[in-house]
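Dropping the structures in below, format is structure tokens.
Below are two complexes that have chain A in common, paired first with chain B and then with chain C.
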Partner chain A sequence: MGALLQYLVTGVGIGCGYALVGSGLVVIHRVTRVVNFAQGAFAVVAALTVSTLLTAGLPHGAAESLAVLLAGVVGLITGAVAIGRPGTTPQAALVVTLGLGVFAYAVEILAWGDQPRSFGGVPGSVPLGDARLQSHYLLIIGVTAVVLAGLALLFARTDVGRALTATAANPYAARVVGIGVTRMGLIAFALGGMLGGLAGVLLTPVHQVSFDSDVVLVVNGFAAAILGNLSRPVLTLVGGLLLGVVEVLVAGYLNSSYQTEVALVFMLAVLIVRAGRHPAAVEAS
Partner chain B sequence: MKIAVTLLVAAATLAIPPLLSASQLTIYILIGVAAMATVGLSLLLGYAGQVSLGQASFTAIGGYTAALLAIHTGYPWLGLLAAPIAAAACAALIGVPILRLRGHQLAFATLALQLILLSVLDQASWAGGAIGLQGIPRLSFGSMVLDSDVAYAYLAWVGVALTMVVARNLVGSRTGRGLRALATSEIGAAASGVPVGGYRLLVFTVSAAFAGLAGGIYAFYVGYLSPGSFPVLLSIQYVVMAVVGGLGTIWGALLGTAVVTLLVQLLSTLATRPDMPDYAPAVLSYAVYAVLLVITALFLPRGLAGSAATRGRKADTWT
Partner chain C sequence: MTSAADPVVEVDDLTVRYGAAVALDGVALRLHAGEMVAIIGPNGAGKSTLVNAICGLLKPAAGRIAVRGRTALVPEGRQLFAPLSVDDNLRLGAWRRRDRDTSQVYHLLPELVPLRHRRAGLLSGGEQQMVAFGRALMARPDVLVIDEMSLGLAPLIIDTLAGHLRRRHAADGLAVLLIEQNARLALDLCTRGYVLEAGRVVAEGTSAELADSPAVADAYLGAA
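Now for the complex of A and B:
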């Protein structure tokens, strides 16, 4: 029983990371219709930045915040290249983000080398019954809950959030009432960058990161987001948690070498079943 | 006119190998191997409108099939023959469920499949696990053993020629017209009687067979394989070559492969000079792939070949 509880907390913690990456994909896709392949790179850049800042003597908290802000800037730059040129189709933008993801490899190797890196998280553990829950996973869960709640408030209660939602619903009508559609797209990319960065910062203490970790992160984030068809934040969170828990349970009770396959097969199954249910829903965007 | 150009390119590429140095010959063979996979991907992307980020999985399947058969049966030519067949069979099997997906969903699904394949190969003791397969025998037909690099250069040439002829005939046939119709509008094509599902599966299978052939030749040329020989980045590299050359143009795939490979090689020759840091080649090649991909996607949506063709005459030259 204690082991199961430990697995669940670990799974939910990792799932929160996937959900954050997935939420970044959702925010960007809703507003701009672009599927952002560079989403994993935001996480990697932020994580590697934290490792440098901590070595330079910055305290925890400050280093993480700065790295998340930097990831937001990287997101903004990605957005500017991907959608800044008028007339870029979402398909072309997808290829552009793929290219920018590869470009991030060059920058990351130049700045940090090609060896994996990690840094310390919150040490210690909290006893609960006969289980010991690692504090860092509880931190991931807490931060994710606060950030996603904040994101929901931002979209529902602020002018910027309403403008973003309006752009997502109908770009043409949004433009008619005076909303800068491209500017909203850039804001979405910056938000997506920060969400990805946060995921990287939170996950790195429990899972070391190297320049090419972005592929696994973006695939898992996509797997989480696809449950809500890349547009439903709540379903993205559910997808992420499901993915994380299944992955950890498979690793814990069956065989740790199968955990990636299980998550990926789960994603493929969801995709294929969904496509079978709506055969006429040809990808219009 | 077109035939003359084709013959000229064929003659020139046939005449080159004996004149090349050992390292140049390696580049020639690698261009040939990459071109086969890229011609397939270009068909898939350009004619069927399907994005695949997992083309290197079929190169891997072809390579491993060839290597395992050569090692276990002792008939390497059997391995070379089986490489494209095995890749095509896997594609036909996996294509039935996977090709229900479109656009970015298919892109992620193919990427996921490659990650699964790499993870399986990593743990498969029969395939050498993470260490891979060593000591793959050289390709031989009876008593004729291909042991010189020039021989492999000609083998790669034959492979590329074969894929281009097959691709050309597929594109020029009734099937090819159906494919072009379905890339433009799937519903429109279906309404006009094009068997959409069947044609999509066909082009996916053919494209996988090309990659499988590339993998087979690569296995015999290099002599050892590991999961690390077929990283996700290889799939992305094929995408870069196809996009830079121009999607849906067979010559464009060849052109894109040659341009990208030569550019990367040129830069890494500069980067491996002693006064450069040891990470310089990797950084430069990533930067080249990235910059080429971004610039082509933004400014040359039809790629090098496509843009050159439009400049020459305004006609719609898809082949």
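Now for the complex of A and C:
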């Protein structure tokens, strides 16, 4: 029983990371219709930056915050390259983000080498019944809850959030009222960068990171987001948590090397169920 | 201050192309301060292209567009932000301005008050057109451009909208450029008009002149 509770908390913690990556994908996709394959790279850049900043003597908190901001800037640059040129189709932009994700490998290897890195998180554990819950997972869960709630408030209660939703819903009407559609896309990419960066910063203490860790993150984030059709934030959170828990249970009770396969099977299952429900939509596409 | 004689919208020799197709071909148009002008013409004549160009939403291939003051567009098909509330739709109408207080528009369009928190996408066509009108007013425009005000709406709603439009025109001196399928309504509301066919202005004049012209009467007023 204690082991199960520990697995659950670990799974929810990991799932929060996936949900953050997935939320970044959703924010970007809703506003720009672009599936951003560089999303995992934001996490890797932020995580590697934290390791450098901590080595340089910056305290925890400051290092992580700076790295998340840097990931936001990287997101902004990715957006500028992918959608900055007017008339770029979402499909073309998708390929650009894929290219930028691969380009990021080169930059990361030059700057940080190809060896995995890690850094300490919140030490210690909290006893609960006969289980001991690692404090860092509780931190991941708490920070994710606060950040996603803040994101929901941003979209519901601020004019920038309304303008982002408006651009997602009707880009022509957004232009009619004077909203800069490209500018909104860049804001979405910057938000996506910060969400991805946060995932990397939070997960690295429990899961070391190297230049190619983006694949696991983007596959799981994408699987989480696909549950919500790349446009529903709450379903993305549900998808992320589900993936995290199932993967940790599979690793705990079966074999730890099946982690990515779980995400891929989950994604396939969602797509097959959805295709079964809308056969016409599949034929049309 | 602009006097009534100054044009607030001047269009000269405007040409717009979509690829190889010519949508507008050498169009000239004047709208003076405090004036209400109609543009009538069949589907595909280039009316929407003309207003989109005037509102800066598409780039002309050639010609000159000069606008004094702020324009706001009530686009064809309403084009509301469907997932947002009526109030949020109105707020975004003032996106270019700092003051986004919606109370003035509820005062001017009291029909919107009970709809305030409803999702725009769930409203009826007439309610949506009222929201689109209010959203445009939120920009505090000098020139209001309306693309198909009455299309698909019930006569009662059209009367209400036309009444609001007349009041804003009379009270605020709002200049209005009105595109209308319903030529009778357009010439009734406006003092002057242009007839656009196949991307060219084929007739212009006062509403009385246009109504008396046999060509306009035959094609657009359904005169017997």
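What we mean here is this: the second predicted complex is superposed on the first by the 281 of 285 C-alpha atoms of A that agree within 3 Å, B and C clash if a C-alpha of one lies under 4 Å from a C-alpha of the other, contacts with A are read in each partner's own complex, and residues count from 1 in each chain.
Just so it is clear, a residue touches a chain if its C-beta (ideal position, glycine included) is under 8 Å from a C-beta of that chain, and two chains touch if they have at least 3 such contacts.
Because the structure is a prediction, the values reported are computed rather than measured.
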Review point. Does chain B (first) or chain C (second) touch A:35, or do both, or does neither?
Key: first
Practice item. In the overlay, answer first, second, both or neither for which of chain B and chain C A:267 touches. Key: first
Exercise for review: May I ask you to decide whether A:176 touches chain B, chain C, both, or neither, giving the answer as first, second, both or neither?
Suggested key: second
Exercise for review: For A:96, select first, second, both or neither according to whether it touches chain B, chain C, the two together, or no partner.
Suggested key: first
**Study point:** Comparing the two partners chain B and chain C, which touches a greater set of residues in chain A
**Key:** B
Check your understanding: Touching A:88, do we find chain B (first), chain C (second), both, or neither?
Key -> first
Practice item. Return first, second, both or neither, reflecting whether A:235 touches chain B, chain C, both chains, or no partner chain. Key: neither
Exercise for review: Report for A:166: first if it touches chain B alone, second if chain C alone, otherwise both or neither.
Suggested key: second
**Study point:** Partner chain in contact with A:219 - chain B first, chain C second, else both or neither
**Key:** first
Check your understanding: Where on chain A is chain B touching in the complex?
Key -> 35, 81, 85, 88, 91-96, 98-103, 105-106, 109-110, 113-114, 212, 215-216, 219, 222-223, 226, 257, 260-261, 264-265, 267-268, 271-272, 275-276, 279, 282-283, 285
Revision key, fill the gap. Touching chain C in the complex, chain A uses residues 159, 162-163, 165-166, 169-170, 172-179
Practice item. Going by the contact rule at the top, pick out the chain B residues touching chain A in the complex. Key: 51, 53, 97-98, 100-105, 107-109, 111-113, 115-116, 119-120, 122-123, 186-187, 232-233, 236, 239-240, 243, 279, 282-284, 286-287, 289-294, 297-298, 301
Revision key, fill the gap. Residue positions on chain C within touch of chain A in the complex are 55, 57, 73, 75, 79-84, 88, 91-93, 95-96, 100, 135, 139
